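Naming follows writing order (A, B, C and D), and every chain is counted from residue 1.
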């Protein structure tokens, strides 16, 4: 049984900041966003968590293994090094989707994303150490079968990108609606999903849905662990097995 | 008449590198990718160009104002600071889509994205200084009408993300197929498109298409300039006017 | 009684790399070095350790609280994101100077800093968890009395820099020779020293030595803790007390 | 005849910021400082200038080739991405020392480094394009003869560091007082000096002074150019010739 710990990360009052007193240079915004994401990735990742860039102003993290003090330290580190601050809502549950919904509520209850006076919310609760188990996190790592041969080396770069993007849009929506899972594009032709305790049939179903809707064949490796890194690393190995064996669903 | 200069940036042999000799930690890949993007954003952006992260291993840049020496210097700077190298294909044209297709061909002709011996391709041609004009680049900056009120503050974070993402998937495909344009999600609820010489009717058409297909209302500001920064900055100002006036299409 | 755990960080074969096949652009080397330092600072610092940039190709870290697995993970993270690799020698002792000497030996025994085949040495031992105590680390935080009023706002920038630099050169040598301590310039007019179990008389002595040799008055705050962060943070607070009370030596 | 353009970069009100409302974590300060330096290095370096980290809160840049608009853009980029702002004083002259003194005055005249209301000073003047020449900048690149064999591989790491540091302290002071030059440690055993139009005898003199005062033998390569990069790159090549030929002073 999974017990996923999800942290919603929201940059405080970011929209208004980007256009006050004048629109800021896009290059600076892009640099700020991607570096903040990289830093959060390191800060969370070095505690074996995962962060997904999502919309950049709203990021989703899987934080099994981090306690509230770790969250506070990360919040402080951002405040000390960036012109913006971040709010954190933390929630847990057997369904990643419900956990994120709860985490979102904690932040929304404290004020709007564009509220000038709402700053550095840190609310929620983590899984107590005594209750953590080796199958708290299930991670599924998808990629597109022969993406390089079929798309990257064949289509123009944007055509290939559209294919990947449509596969992602289809998968993220279906995994959310049918399987209570959160799916994130992580570059190349890779999608990482944070899932409840799904079995092979569920993954077969999702893969078939994407193929039907978009004509694109994806493959998945699945892993479990007490932390996102452990689960995700097992999923990567499972995916390698799937590539070698030309199978579509592999559990570690 | 636009004359867009497009550079396709491809990390050399990146897929195999990420799993050799073992899969590398996801946190390090995410950090590497987002920092490389941030650096390219600065290197190109400080010459008034734009880079979009696209798939991260394949990035698209609009490089009006950069010559081949600038490209070579950026390539050198990446080689000096990263464990990977990048290839550049550069092409120009009245249609951003055709320019990117030509840029892609230059790289594909030199070898596969997963060819071990293909490294640091630098091929193509830029617009000669004498032929550059003030309307070479047209940039359209889209956002979602009242995204914070309707989505970010109302839905759970992933629900909001799905809405934005579906709007993006719809817009990027339609602008590509119907209007020869390249559209990129740039964070929050913002999408930036690189367009040929489009008029207001074309933007009305695209906005209506997205509304029909997804139920999401987007707005756009459009600007032109000799460089992506000039065009994009004008587009940002136009978008601010649109927000204030509650209009859907504004030209600077 | 202190028990300092010191890690010597050495970039493998860095000198030759910087000039092969041609000298690399200085701007890229400076960026590489300072970012690598920043990353190590975060990677070690988020585990409550301290890293000093020292010569940049050889950095000194105080790593009480990090085990060998943490070191291995940091080494892997550098390998995954930089074009260079790093070696670590780890040693402990009541004298920071002896600990660093032992850490240095571990690396030197494995080969020259410019040996092409010596890569990613990870050798030494850490303090077992059971033997860690609350006074393992003593940190002294020095600054120059009224540096802004006397130097920064009065002299030209390089004149002020020379004053700070001479104070540092004097202090670092004396603390090393007379008090078995490692002192590092950390920016502004700040010097942080890693010390054995020194008393107020030792600090009085060092401060007087610097005043005699250079005419510059420094002040110090001293803290202890089980980690560099705890000790260093206590030292910062002690220094604030010293500034307020106009005293020269303050223990937390 | 040289005509060096020097920019003094000062972080506004940095000292007070580091301890308000409480002392900030040292790891965050170190990360902030070294990343800000890395960014300035890139921003200035991509326009062929050089930045030296100096005291980190006060940095010295050689900016031949940058105009005031470039400076304003860099100032804006810092403001958009950091929690601090920077002031720039820009001055020129045949003597780097006098130019820096003038640049310092411009900033000091506007207020103290710890003045809360003094922000983003941008004052001074650059060399008009028409007056720039190929020998505006003279750069000398020093290193320690056989530093790896004599120090890094032989002494403990701090002992080696002390030797390098004493050589630097001696050289920086002497070059400033006797030869109107600004010398900066840039990592490893490397020192880069920005000089007026010095001849070989002046460098022989400085090298002998360091040897007399510290017992350490340094070598130098000297280059000239219209920009710091051109001059510095020529100096690097000259230094390589010196290493190969075992000569102590080489002009490109």
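Convention: a contact is a pair of C-beta atoms (placed from the backbone, for glycine too) under 8 Å apart; a residue touches a chain by one contact, two chains touch by 3 or more.
Since the model is a prediction, treat every value here as computed from it, not as a measurement.
**Q** Taking each chain's centre as the mean of its C-alpha atoms, which one ends up farthest from the centre of chain C?
**A** B
**Q** Which chain pair shares more contacting C-beta pairs: C-D, or B-C?
**A** Top pair by contacting C-beta pairs is C-D.
**Q** Between A-D, A-C or C-D, which shows the same interface as A-B, counting it as a repeat when over half of the contact pairs match?
**A** When the residue numbers line up for over half the pairs, the pair is C-D.
**Q** Distance from the CA centroid of chain B to that of chain D, rounded to the nearest Å?
**A** Spacing between the chain centres: roughly 37 Å.
**Q** Using CA atom averages as chain centres, what separation in Å is found between chain C and chain D?
**A** 22
**Q** Could you put a whole-Å number on the gap between the CA centroids of chain B and chain C?
**A** Roughly 43 Å separates the two chain centres.
**Q** Would you pick out the residues of chain D that each touch at least 2 other chains?
**A** 25, 27-29, 31, 35, 42, 46, 77
**Q** Based on the touch definition given at the start, go ahead and assign the chain network to line, ring, star, complete or other.
**A** Drawn as a graph, the chains make a fully connected set, so complete.
**Q** Quick check on the complex: what are the chain D residues that touch chain B?
**A** 39, 42-43, 46-47, 73, 77
**Q** Of all residues in chain A, which touch chain D in the complex?
**A** 24-25, 27-29, 31-32, 35, 76-77, 79-83
**Q** In their complex, what parts of chain B are in touch with chain A?
**A** Where chain B meets chain A, its residues are 8, 10, 14-15, 18-19, 23, 25-31, 33-35, 37-38, 41-42, 44-46, 50-51, 53-58, 60, 97, 100-101, 103-105, 108, 112-114, 148, 152-162, 164-166, 168-169, 172-173, 176, 182, 186-189, 192, 229, 232-233, 236-237, 240.
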